[in-house]
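Below: one structure in structure tokens.
Should a chain be cited, it is by its letter among A, B and C, assigned in written order, with residues numbered from 1 in that chain.
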Amino acid sequence: MNTSEKKKLSIISFSGDFDKLVAAFTLASGSAAVNYEVNIFFTFWGLNAIKKKKGRSFTGKGALARIFGFLMGGVNNVPLSRLNFLGASPGLMTFLMRKRNVATLKELIEASIALNVNLYACEMSMHILGMTKDDFIPEIKSVIGVANFLQYSEGGDRIFI
Amino acid sequence: MNTSEKKKLSIISFSGDFDKLVAAFTLASGSAAVNYEVNIFFTFWGLNAIKKKKGRSFTGKGALARIFGFLMGGVNNVPLSRLNFLGASPGLMTFLMRKRNVATLKELIEASIALNVNLYACEMSMHILGMTKDDFIPEIKSVIGVANFLQYSEGGDRIFI
Amino acid sequence: MNTSEKKKLSIISFSGDFDKLVAAFTLASGSAAVNYEVNIFFTFWGLNAIKKKKGRSFTGKGALARIFGFLMGGVNNVPLSRLNFLGASPGLMTFLMRKRNVATLKELIEASIALNVNLYACEMSMHILGMTKDDFIPEIKSVIGVANFLQYSEGGDRIFI
């Protein structure tokens, strides 16, 4: 809003759905490309997007957390927000994206990182799900709570996806 | 945005999903705790969060509205936004939240009320669903439409959850 | 934010769910009615809201895109975001809206257009899904990407629905 400062956009990435993650990282990388400061705050299912790629070998503490761990299979196992029927799977969408020469989710995440989008993990969600910073890709800047998120996103737009 | 005024955050709580309500009230109470003025505008399924606790004895007028009433079982009956399989139910999540010493949804709602978060119910949704102000907890400040919501949320961020 | 300019609200319409489209167009037409400049950026499933009414005869190029075409049946075939059980279908909701004398989705879209809400289609989603501008109602102002969306929505709120 203040023209003397850099424009800012902050995304709360709550959903772990494939299509919503594509939307979030398209918006993030596209905004960073036109010189916005961009923050993404991953919370709940959104944490899937930043999990290390090691399949479903979830390391959370506690048997119950492991059930959520199964649901949190990482970015290679995220579903579509709509019914996965008729073959309209994330795999098919990725196939179409490649065929159309559109960046895939993996490429959008890499582009966002290359463009210095700030990635934060939600402390409370991690606590509930029994996750630690070690479960995430090293590009995660830090683990923060609501107060810090509000502070970092102050003066810009906040979007919940 | 204006530093001389109180910072403001307004949430449109559309989804009645357990996990999204946890996100909405975590954001609301966390913002109010750092001195934001916070408004929540409950609409459609989000109205579930503010229904009186009386099970499913929905009192809307008309047989058809009663079908929606069944779907609107109040905050003790809200589902997860993801498939409720493998025991990953709101009950399990509440159990984990308690075990981890994280505030539960009920506690987050109470905290939001204690921190003077303003709660509004959407006039149009109530009209469609055949609900009246009596169906809601007494802490609801008033029943408003889009124009009033825009006015109350003016000058701050608006987030749709 | 700037009181000398027109207030601005921009909606990213991502979901093609009936109830979320009702929410988006209620917010859009309600804001336009109180003199906001309103932009809607239709992306992914949201593109359903602006498809020409010709049933499911999807004309995208490529057999795979046609599968998504089946899922993108246009605004007369959009589902509820919640389970369509117990008769709680978009048809029932439309019936209730009519009975309660609330504007239906079709009427909300017409009102938004009459109130000069700017409608934009997302270039990337169309590309993935093999759609062209001809697939949409003529009121679509233009087909744009993220950079243009950011530019048009600058200085106002952005809401993801």
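As a working rule, contacts are C-beta pairs under 8 Å (C-beta built on N, C-alpha and C of every residue); 3 or more make two chains touch, one makes a residue touch a chain.
What you are looking at is a predicted structure, and each value in this text was computed from that prediction instead of being measured.
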Inset, instruction - Would you kindly give the rotation angle relating chain B to chain C, two copies of one sequence, based on a CA superposition and rounded to a multiple of 5 degrees? - result: 120
Legend entry - Copies chain C and chain A - interface residue numbers shared by over half, same or different: different
Inset, instruction - Indicate the whole-number Å distance between the mean C-alpha point of chain A and the mean C-alpha point of chain C. - result: 24
Legend entry - Per-residue overlap in chain B, given as positions that touch at least 2 other chains: 1, 157, 159-160
Inset, instruction - Please name which positions on chain B make contact with chain A in the complex. - result: 1, 7, 9, 19-20, 22-23, 26-27, 30-31, 33-34, 36, 81-82, 86-88, 92-93, 95-97, 99-100, 102, 157, 159-161
Legend entry - Residues of chain B that touch chain C when the two form their complex: 1, 12, 14-16, 43-45, 62, 64-65, 67-68, 70-71, 124, 127-130, 145-147, 150, 154-155, 157-160
